[in-house]
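Note that subunit A is present in both complexes that follow, paired respectively with subunit B and with subunit C.
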Partner chain A sequence: MLKFIGKRTVQNILVFIVFLTATFFLLQAQPGDITDQFLSNPKITPEVRQQFAERLGLTGTLWEQYVRYMKNFFTGNLGVSFSEYPKEVMDIIAERLPRTLALFLFATFLAFIVGFKSGKLLAWRRGKRGEHVITLTGVFFQTVFYPWFAVVMIWIFAFFLGWFPAGKFLTVDKWLTAERTFDANAVFDRMLLTVLAVAVLIIAAEIIGRRMNSRVAGRRFIWGTRVLTLIALVVWWEAVWPEMIPFALDIAYHLVLPTVTLSFVGFGGWMLLTRASMLETLREDYILTARAKGLPDKVVRDRHAARNALLPVTTSLVIGLAFLIGGGVVTETVFSWPGMGQTLLSAASQQDIPLTIGAFAFIAVLALIAHLVVDIMYMYLDPRIRVGG
Partner chain B sequence: MTQPRKLWTWLAVIAVFALIAAACGQGTPTETTTSTTAAQSSTTTTEGSTATTAPPAAQGFTYKMGIFNDLTTDNYWAYIGPESEVWNGYVLGSQHPALFTLAYPNIIHVPDLATGAANTPEEQADGTWTVTQEIRKGYMWSDGTEVTANDLVFTYNVVKDFGLGGNWPSTFNLYVPETPDDPATTDVDESAPARDGVTNIEAVDDYTVKVTFSAQPGISMWQNGIGFAPFMPEQFWGPIVDEAKNSDDPAAALYAASGEGEPSAGGLIYAGREPGAFAKNVANQDAYYAGTTYTFYADGSFRQANADKGFDEVYYGDGTGDVTLEYTDGPYAKDVLYSIYGDQNAALLALKSGEIDFMLTPLGLQSGLKQEVLDSPDLSLIANGSNGFRYLAFNMRKSPMNIREFRRAVGCMIDKEFLQQLLQGAIIPAYSLVPAANTFWANPNTEQLCKGLSGQERFDTAMGMLKDAGFTWDVEPQYDADFASLVPGTGTGMKDPDGNPVPEMEILAPGAGYDPLRSTASIWIEQWAGQLGIPAKAVPTSFSVIVDKVFAEGEAAKDWDWYILGWGLGDPSFPDFHEAFFASWQDSAEGGFNTPGYSDPQVDEWAQDLLAATDVNTARDIVHKLDAKIVEDAPYVVLFQTPVLEAYRNTLIFPFTDTLDGLQNLSGLPTSVQMQQ
Partner chain C sequence: MEHILEVNDLTMHYTVKEGEVMAVDDVSFALGRGEALGLVGESGCGKTSVAMSLIRLLADNAEIQKGSIVLDGVDLVPLVEEEMRTHRWADISMVFQGAMNAWNPVYKVGDQIWEAMQTHFPLMTESEARERIAELFRLVGLNPAMMDRYPHEFSGGMRQRAIIAMALSCNPKVIIADEPTTALDVIVQDQILKELKKIQQELGMSIIYISHDVAVIAEVSDRIGVMYAGKLVELGPTDEVFPRPRHPYAYLLLASTPSVKGPRRKLAPLEGEPPNLLHPPAGCRFHPRCPFATEVCATDEPPYTEVDEGHIVACWNWEQVPELGRLEA
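Presenting the complex of A and B:
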């Protein structure tokens, strides 16, 4: 096992170097460089542009620039942003990443849960009337023109009904008038930490509860842990970050509409994938055996079919999570949610090479880790799979 | 089993119904129509009209504006330096005084810190030129410190000593000494001639600045150069500069410092920001010009008067006669909020709901949203010409583009009014290089080539030009007026006056995804040129690729034929761009900005005179001559300007709305806007 992990890690490192190299040269292949922005001003002389280029390390041959960049990268220096000079790339990513993670993590998990559950039911009730309605709904959301749909959602729920804010991640007046010593990112960080802690606790409780001998005791344990976690969460915030609570609630309130919109669009994919996977599983002999044994429908569906159907869906989720930090340009634009998606687009279009590579490198690292995790997870989820040499 | 199915069915029906309702609801016409132009709005002024009485204004309100990008810095050094983003400028601009400023909407050069009009530089015995200028007493920073001449000296020294980049060197026009050739490298000539500029700035006393130039300074170096250079508060930046001096990269260290807490001498003080969400300025009620009344007269004269500060000054005339505009500056708002939106759809919803009062964007409102603003009873829409132009350029280093009549023939065929109609008013046809809206500088007599002619008349005129120049065809083009096109089979085998076949040529233009206006223009220009038998083909090309090609140096400068791009023209108070774009020494093949490779001794002489001009009237005469001559020679065919559309809530009262480049160019007039009660 360790040998396998070691081998895959080395492979991943090599892939990562190839990826960085390809990204660097692809970005460099764009015509011109960031100093071209000063071409629009005849009063800025070529000498001044040259000085700027030197300051940004854009002088020398391409090979020299590449070697310099890679050396800096692997010594932990991602460089300074060209477009937001002299800000460190790491500082920019650290500023925008929490906003993106908060929005897309929530939306992805919500879409996954709704999609998985509905896909499971759909496959189980195949051929019934409801299947067509739900499948059509799923396909509609999967194929809807997203920018239009997002604007319609804003129009209905923010402008017409006024239930949610039209965009942004905070209520300006609230943040403007309050005396505070922290910024929005500090709140985002704590919210993400909290969600992570809650998720770990609930998953752990779920695993322990399911392994208990008595089903009733297991259920009680799971529900008891959930309630206790929620109480602990409230007590913790009240005790440690009381001044941040109204601001965290404000951010959470702003999260609702984009999260629901993204989930609507995302759940169709999970639903259809789960449905297909479940239908495949339902044809297996062991499902017939389970039915023949007289097991209740719910047990056959949830314990025998759904668990096996989970494999491709979970794989898709884990790999999808790695790409979350890229955010979504459309979502972030329509909902005025300045995160990594907008940053990446703007950096790439302004030829801000360090920032673009920095952001892509994060995605690449997470994607490679996700692949490794998926490989390992396969062995646990499907005992038939064994690691080769 | 039945219940969940029913639930899903109902949910699906409700969702579909909601979407249909939403889609229909957006197009529902409103019963009330509203004022849509400045002329109709309840407040003052259109060009040439006197201000009318405005409704009572609410004092101490928050002026809320929507912007579309986050600030990248709150440091003014960085903003003028490498981070010269317009969004930074909207929030940080107008807080640092300068010797002179511009009075809008007429774009008149007037004193700010200076006690009067610009003094004339005098030649010194050593060949340098100096000018001294007194500055006002009692002009205060918001921390209670007085603005003095030392602040300008401090700023100059930092720019010079730290080698600040971006726009700083051009703001201060720093003198660059001659660069000698390095004897160590025999194969490369590093020598470069000296570049004239400012050699020193000193404070004669707290209220007198003395500037030394290496040569006689023109308007761009003195009045519009150092005259517009910002005074930075030494009491705030001094310690930061001292600390930065000790770092490895002083400029980077200075740029990285926070500007929060910096005192202001303008009407607003920067008060912080929440990254990704908003920025805020608060009013500086003690600003020197707070409560000043500005009066514009029909004869061109201008008055600024403030009884509390004890000044009443008149420039460019005697300040009598008809008043075209009068307003009193605030700030009336207690603070100004810049709220960040991802796109204009979201911002427009916020504008309609009252979340913001004004959309602040350099490109103006997207034309697709125009109707929505017009349909809203709470909003007003204004349109102003932009300070720039889109143009077709010819590579005059090659035949047949080096033949004047060829370029003029193509220019004649371009029906700009048709393009305006085709593009549904998204462009304003332009004929002169200086935008017509810049009334002081634009030459009203610049030729408007073939304007108003029919297709047949354009064809006949252009054919006449080509034939006069000696062009021939195997089969001469025939125009079919019924179909507004070339008669099939004619217009083939075009030959230049030397009998050489005219080669196929490319019209490089941004693609429709980047700019549908220029893309559409290029397709039509291809057709119009084709009617003359000119084998030109529109090639949609990435903006960066076009820039790379047309600014290529050496032999590569011949690697293109025609292209369509645009220029933003910068400071409208002294349009000296003719020199940069058309003087022979600015040939882009040698690193300049004259992309066509245009060369005309008369234009060169006028361009030199323009740079050397020391008074505005002389400069204006030269600009008029340059504009007329260059338009006739057609190295560029000026195509059109784009209107800047802007939307705001009717509750706002602006002192004027007709201004070059729109109110966004004045950051939404945050210190003079008022709000109805």
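Presenting the complex of A and C:
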């Protein structure tokens, strides 16, 4: 297991270097550089422009620039953003990456859970009432033109019904007028840490509960932990960060609509995939064995059919994650969500090379980590590929 | 002999777009306590449909139209699904064909056996179950340590042995062995059959063997039932039917199978295919392929005739059927 992770990590580092190199040269292949925007400014002479270019590290041969960049990158120096000068690229990413990560992890999680469960039921109840309507809904979400759908969602829920804000990360007035000693990132980071802690606790409880000898005791343990975790969460915030609660709720409120929209789009794919996978599994001999053993229908469905149907669905989780990260640009633009997608778009269009590469690099790291996680998950799910590694 | 299972006039149809497929038609037989009954016939003649009707695991488009399946005094046909569920495995279990996919690949073999026991004996503890599984593994010739392995770590023969262990796990009254050795090579096949027979005699199990392979059935069964096109055409003790079949189909089936142990005889081919059960031939369903067919065969269904004690045959011309090896080819 460790050997496998080690091997994959080395592979991933190599892939990452190739990716970084390709990104660097592709961006350099654009004509001109950021100093071109001063061309129309008569006060800036060519000499001054040259000075700018030198200070930004845009002089020298391409090869020299590449070697310099890679050296800096791997010593932890990602440079300074051109377009948001003089902010460090690292600081910009540290500020915006969590926002993107939160949005996409919540959305993927939600879409996966709902999609998997409904796909499972859809296959199990094949030929029953409502099947066509639900399948068609899935096909709609799977194929809908996403930017249009996002705008429609904003129109319905933000404009027409007025339930949610139309975009942005927080309510600006509320934050500006309030007396406070903290900024939005501090609140948001604490929210993410809370979610992470809750997730770890719940997953740990699930694993321990399933290993328990008696199923009833296991289920009680799992539910007990869930309830206790929620109580602990409320108590902790009330006790430690009481002044932040209204602001945290404000951010959470802004998170709802983009998360829901994004998960709707993902949900259709997961549901259709699970349905197909489950229909295939239901034809397997071991399903007949399970039924012949006199197991209750629910056990046959969940423990035998759905458990095996999960395998191909997990594989495509990788592809789904890649899509979600790419789709980030669209989502964040439509919802004015100040995350990595928006940063990437504006940096690239302004020829802000350090920030663009930095943003790409972190998206690549995320994608590679996601792959590794899914690989490990797959090993856990399928005993047949556990041996050998 | 006391009967553990009585099947009377069992009729099961599949409904397809084109109409009704009569997969099992008026089949009656009884299984004595501790007896091994073999059902033999070509593919598609309803053997597996009988098995699936007995344990009531039929496809959605299948329906038992009439008849009764009385297992130890309880008729299984009218039971609702939830009641039937409690009888499965606890009272009637199965050794499936194709040991390959009968195991769920993601769970340990021992856990899959325990699952069955847990369902039917909820009070059993894990250590009791492990002890019982170890005992069963020894009985079928497996190392008890294998219970903590996954199915893909078993060879084909080992999987089949483990399947037998699982079928025995809840002490069922009747076991149905549907092509128990078909997926295995001949040597392993022989070992498994001997093992099954030994276990059956040791435990006094009542078992129904189902196979297309006459040699397999002959080796393990006390009685043989020959099925053709959804009908039971001949039923009798193995040592009567095997050397001297009375139904033309049984005769041709045996005559087309070489016998290694018995006297050398001429092989006769069994030509044609079983009929499409959507539109079975009128009269005797075998008459289009039957060398002994007469006019009456095409119009009237033959009744059962008792040719000997406990040996029945459904044929108008059973007296014409010669001894094996005497047919002019």
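Assume the second predicted complex is superposed on the first by the 365 of 389 C-alpha atoms of A that agree within 3 Å, B and C clash if a C-alpha of one lies under 4 Å from a C-alpha of the other, contacts with A are read in each partner's own complex, and residues count from 1 in each chain.
Here, a residue touches a chain if its C-beta (ideal position, glycine included) is under 8 Å from a C-beta of that chain, and two chains touch if they have at least 3 such contacts.
Nothing here was measured: the structure is a model prediction, and the numbers come from that model.
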{"item": "Combined model on subunit A where subunit B meets subunit C, clash or fit", "value": "fit"}
{"item": "Partner chain in contact with A:183 - subunit B first, subunit C second, else both or neither", "value": "first"}
{"item": "Touching partner for A:293 - first (subunit B), second (subunit C), both, neither", "value": "second"}
{"item": "Touched partner set for A:337, first subunit B, second subunit C, both or neither", "value": "first"}
{"item": "Contacts of A:211 with subunit B and subunit C, given as first, second, both or neither", "value": "neither"}
{"item": "Touched partner set for A:129, first subunit B, second subunit C, both or neither", "value": "first"}
{"item": "Subunit B versus subunit C as contact partner of A:3, first or second or both or neither", "value": "neither"}
{"item": "Which superposed partner A:285 touches (first subunit B, second subunit C, both, neither)", "value": "second"}
{"item": "Overlay on chain A, subunit C to subunit B nearest C-alpha distance, Å", "value": "15"}
{"item": "Subunit A contact footprint on subunit C (complex, rising order)", "value": "55, 57, 60, 85-90, 93-94, 96, 98, 100-106, 115-116, 119-120, 125-126, 150, 152, 166"}
{"item": "Sites on subunit A touched by subunit C in the complex", "value": "127, 213, 284-286, 288-296, 299, 303-304, 307-308, 311, 381-384"}
{"item": "Residue ranges of subunit B in contact with subunit A within the complex", "value": "1, 4-5, 8-9, 12, 15, 18-19, 21-23, 25-26, 70, 72-73, 78, 82-83, 163, 165-167, 169-170, 176, 192, 195, 249, 251-252, 255-256, 274-278, 280, 337, 339-343, 345-347, 349-350, 352-353, 355, 542, 544-545, 547-548, 551, 567-568, 570, 577, 580-581, 586, 591, 593"}
{"item": "List of subunit A residues in touch with subunit B within their complex", "value": "30-32, 36, 38-48, 51-52, 55, 80, 83-87, 95-96, 99, 121, 125, 128-130, 133-134, 136-137, 151-152, 154-156, 158-160, 166-170, 172, 175-176, 183-185, 332-339, 342"}
